[in-house]
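Next come the structures, one after another.
Two complexes, one shared chain (subunit A), two partners (subunit B, subunit C).
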Partner chain A sequence: MLAELINPYYLQVGSFMLINIILGISMYITLSTGQLSLANAGFMGIGAYTSALLTIHFSLPIPVGVVIGAIFAGLLGIVVGLPTLRLKGVFLAIVTLGFGEVIRVIFVNWESLTKGSVGLSGIPHMGRELLKTVKELGFEPKMLGLQNNQFIFMAIFLILLVIVIFVIWFFKRQNDSRIGRAFSAIKLDEQAAESMGINITYYKVLAFAQGALLSGFAGALFAHMLGYISPADFAYHKAIDILIFAVLGGSEVIWGPAFGAFFLTLLPEVLRFISEYRYMIYGVIIVVMMVVRPQGLIDLNVVKWIKRKTTRRGLKNGTGN
Partner chain B sequence: MSIFKKFMQFSAVSSMLLLAACGGGGDETASGTEGQADGGSGVVSADIGVISYNSGPGAAYGEAITNGLKLAQEEINAKGEVNINLKIEDSAGEQDQALTAAQKLINSENVTAIIGPTLSTEMNVVGPEADLSGVPIMGTSTTAEGIPQLGEYVFRNSIPEALAIPASLKKAIEAYDVKKVAILYGNDDVLTKSGFDTMKATAEEMGLEILTIETFQKGQSDYNAQLTKIKSLNPDLILASALYNEGAVIMDQARKMGIDVPFVGGNGFNSPEVINIAGDAANGLIVATPWFGEKEDPKVQDFVAKYTEKFGKAPDQFAAQSYDGLYIFAEALKNAGDSDRDAFRDALAEISNFEGILGNFSFDEEGDVVMEPTVLTIKDGKFQEFNE
Partner chain C sequence: MLNVSGINAFYGKIQVLKNVGLHVEEGSIVTILGANGAGKTTTMKTISGLLKPKEGKIEFLGEDVTGLRPDQLLRKGIALVPEGRQILAGMTVMENLEMGAYHRKDKEIEKDLEMVLARFPILKEREKQLGGTLSGGQQQMLAIARAIMSKPKLLLLDEPSMGLAPLVVADIFNIIKEIRETGTTVLLVEQNARQALKISDFGYVLETGKIVAEGSAADLLTDSRIKEAYLGVKS
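Showing the complex of A and B:
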């Protein structure tokens, strides 16, 4: 029964969805201080390459590689953030887009390390490594009535799900904290925030570095899920993809980019039945949605509405807690 | 508590959407197994999955590939020995899309085997996955190094650069008495970069002196800096690993500058478009290709005529390779006598001396191509067989 329900295809799509949700949130964090950064794809590449190279050359366990990759991207975020965050709006966007391209060109040209545009193959695969480990411990997927690949994708999906839940929980908490309030004060009016005694540079760099850390983290996960990366994966169109998650989903609340990533990953898969035309339809849907809901699909009002609906229903049925 | 509740709401909504989305896939699985069931009537019937680059900047490749496959499918099914049902999925040229397409074909559609994906980068991701799931997969356009080595279930019928470049270089050396070469390549593209690696290795192996190695980027329009340097070094031959659109411009500018030595190109350089773009400047380009549409083989001419009639344009190497690819699959299916994946894999690995429109074809023990490529040169404004 369980075995029939678990289709690696759905789990694969689900896993990409979860990684994209992390990317969407990384965009949301920088946007929550009112900065438009397009460097996320570059940081994603940093995280991916760092983790991939460490696990290939030094045989580090994947979790260690992923964490180092994320931290390295975060540190780079601080270094890049300090000078560039003096810029605002469209200028910051251009500078960060340029930064992303610089990263990509480094990947292309540093051939001794990154193998250039041919890309890195043979990156340890999360699921396959996990399978090996549990098998060494004497556990067989068959004990649960699962095929090997079902077990692999099930495991990846669950791990990512836990990570995403943690990330969302963490940033929800942060939003309600002093830091979150400082972020939104800066977003509303920088000068007013500064005159209230908020250290603008500190908070802006913090948001930027958090975004970088999260992108790097998602990138490292991406590398270990595909087992192969090349510089073209982290080009500017990836940055735009990530931006669309936040813009389409809505950047006011954390559920916005999460839903945007969920929706935009699902859409091309659902549209598979119209094959060649699916990206056309995909584009049309994005245009229509932006015209109808320029603030994004999910904003504060929607969240309040859902909350109201569900609490009322909960009260009526007596299941509310 | 409220956070937990909110999360539950979110996950409930999302899982409902996910289930709704999955509903569509389920029906197709049912029809897929039905197709396999009528194998009992004597004709082996199988679902073959196709992953190709059908949307995005490289959609022309995907279009040629699917056209070639559709034509082959029609002919094969009309013969009645085997019945092939194609399930075509788009990859948009992206690794993650190619991977989900492969997962769909493997797990939801239960295909016997897969043709594709189009790009070597995609194959690097999809190959290990198909191998793990025990689904035979064959690339018809993946020319980079190390593709069949990804696994026992991974094959290709496209001539790798490692076979094509030495063939053309050898003929060029014989004809022009080449001692010194200059290399020019695009360093930000997988195809041209891996072509360059092969060129460099081949040139070193053949004892040629490499005067200089110059690089350029995708979409560049001015190559005078690189060409001036190359001209001053006075090579006997230029090795250019470029895609046809950049390659044609390079040749045009080189000829204008007075560089009249022959060019040897890789797989990406091999297109009739070179002549359209560069005109007379294209004369002197040497490429090795599995596909030569002017060959005086009735099979080839028949294919060109049928393809042109059906799709309104002449087939290129991508169409020819996928056409032959499906015939190879049909042959393997006939020999296996069953649409079982493992039986099919073994039958596929045993294919040898297959006579297709590309010539005599065999797999080696790794699933790579054993084949004699045709060396072509552009002379008097058209591709001709190179024999001097």
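Showing the complex of A and C:
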């Protein structure tokens, strides 16, 4: 019975959703200091290619490759961040968009390393590697009544779910800490923050690098989830995808971009016929949101409202019992 | 306490401060007067580290602090209340005050918070209100209170009376006097020359980036040139 419920297709969609949520959060972190960066797709590519190449050529274990890929993207974030963070608003957006394109062009043209626009295939697959390992330990998916591919997709989904929960927990904690306070002071008023003794360069670079690290992390997971990547996966369109998560969901609270990523990954799957018109719809979303609700669907008030509702319901249930 | 000498500061190619020098005695209130564009705010920005001077030297408590970052200077005890207040509109009054103590790690923050709220009862009343919803005068008080939370030795106030009603202006000047009584030295920039000089010990007059006059506040109040230019009195 369990076996019938575990549908590889749903699990795959769910896994994409979780990766997109990580990307949405990477956008949120840089935005939480008021910086609009469109380089996250590029950093995602860096993480993906780094981890893929390391695991293919040096047969490193996947977790090691993923961590190195994320750290490398983060370090590159510091290198790119330091000179560009004096730019504000639209200028930073343009520079980071340009950076993303440069990265893509390097992937396309450095054929000896990246195989160019054909892309890299044969990347160790998270699920299959895990299956191999557990089989060596004498475990068979049949023991749970699962087929091999059901096990693979469920394992990926569960691993990503744990990672996403950890990422949300970590950045929510950070948001409530000294670092989070500094981020939001910088977002509200850079000059005031500076006159309060906040080292704004440090915190802006920190936010930018964290965003880059998280994008690279998501990219590396993406590579090992699909087993195949190409430069087109990390192009301008991906940058816009990530931006839309934050525009629709909102970037005031971490739940905003997470909801945006969830909803916008689900939509084209549920409504098959609109997936061809996706980018048209995205355009409409940007325009409508900017006019009607520039802070995004989920802002602080919505979170407070949900909290009030749930606690009230909790109380009712409590007395009912 | 503060010794500034030979400051030349530029915005791009335009020289804003020309060989500016001034001296602030510990425990005093010193005012810099000047018309719009004279370089008053630039002087404040330079002292607080927001702007790096091309030439010149800034000494604080006998130590050369030229070219330090604002956060380093704040740790040494120089706090700035910037022009136009610049409170954090999206944070509550309480959060704004806590941000003032951002660099502090000592255990007296709570105590200072209570003290500040006792001195500014209106802020205590509005503790949970967003900073942006306060009136202009309350915002100015919040900005000053926030700076006090950093426990400064020298407080720089950039036009605290700007855009406020006369009654509120009187309140603000009273508060500045009180701050000095608690042992904090104050350097004030003002266009409201008469009221500023009344509470000050010493004054400087800045004109197009140069110090053109200096003297005790009492002398400046009776100086005929100052009277005509800044106090609106024909002699």
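Operating definition for what follows: the second predicted complex is superposed on the first by the 298 of 321 C-alpha atoms of A that agree within 3 Å, B and C clash if a C-alpha of one lies under 4 Å from a C-alpha of the other, contacts with A are read in each partner's own complex, and residues count from 1 in each chain.
Simple rule for what comes next: a residue touches a chain if its C-beta (ideal position, glycine included) is under 8 Å from a C-beta of that chain, and two chains touch if they have at least 3 such contacts.
On a predicted model such as this, the values are computed, not experimentally measured, just so you know.
Undergrad: Examine A:Phe91 and indicate which partner it touches, taking first as subunit B and second as subunit C; both and neither are also allowed.
TA: Neither subunit B nor subunit C is touched by A:Phe91.
Undergrad: By the touch definition at the top of the document, which applies to A:Asn109: first (subunit B), second (subunit C), both, or neither?
TA: After superposing on A, A:Asn109 lies in contact with subunit B but is clear of subunit C.
Undergrad: On the A-aligned overlay, A:His125 touches which partner chain: subunit B = first, subunit C = second, or both, or neither?
TA: first
Undergrad: Could you look at A:Phe139 and tell me whether it touches subunit B, subunit C, both or neither (first, second, both, neither)?
TA: neither
Undergrad: Please name the chain, subunit B or subunit C, that touches the greater number of residues in subunit A.
TA: Touching more of subunit A: B.
Undergrad: Identify the partner contact of A:Ala182: answer first if only subunit B is touched, second if only subunit C is, both if each is, neither if none is.
TA: Touch partner of A:Ala182: subunit C, not subunit B.
Undergrad: Subunit A residues touched by both subunit B and subunit C?
TA: In the superposed arrangement, which is not itself an observed complex, subunit A uses no residue for both subunit B and subunit C.
Undergrad: Which bits of subunit A are touching subunit B when the two form their complex?
TA: 7-10, 12-14, 16, 105, 108-109, 116-119, 121, 125, 128, 148-149, 165, 168-169, 172-173, 222, 226-228, 230-233, 255, 258, 262, 266, 268-270, 272-273, 275-276, 278-280, 306-307, 310, 321
Undergrad: Quick one: in the complex, what on subunit A touches subunit C?
TA: Per the touch definition, subunit A meets subunit C at residues 178, 181-182, 184-185, 188-189, 191-199.
Undergrad: Which positions of subunit B touch subunit A when the two form their complex?
TA: Spelled out, the residues of subunit B in touch with subunit A are 1, 3, 5-7, 9-10, 14, 17-18, 21-22, 24-25, 54-56, 59, 88-90, 92, 95-97, 99-101, 103-104, 106-108, 121, 124-125, 128, 132-133, 144, 146, 187-190, 193-194, 197.
Undergrad: Which residues of subunit C touch subunit A in the complex?
TA: My answer: residues 48, 50, 69-71, 74-75, 79-82, 86-91, 95, 98-100, 102-103, 146, 150.
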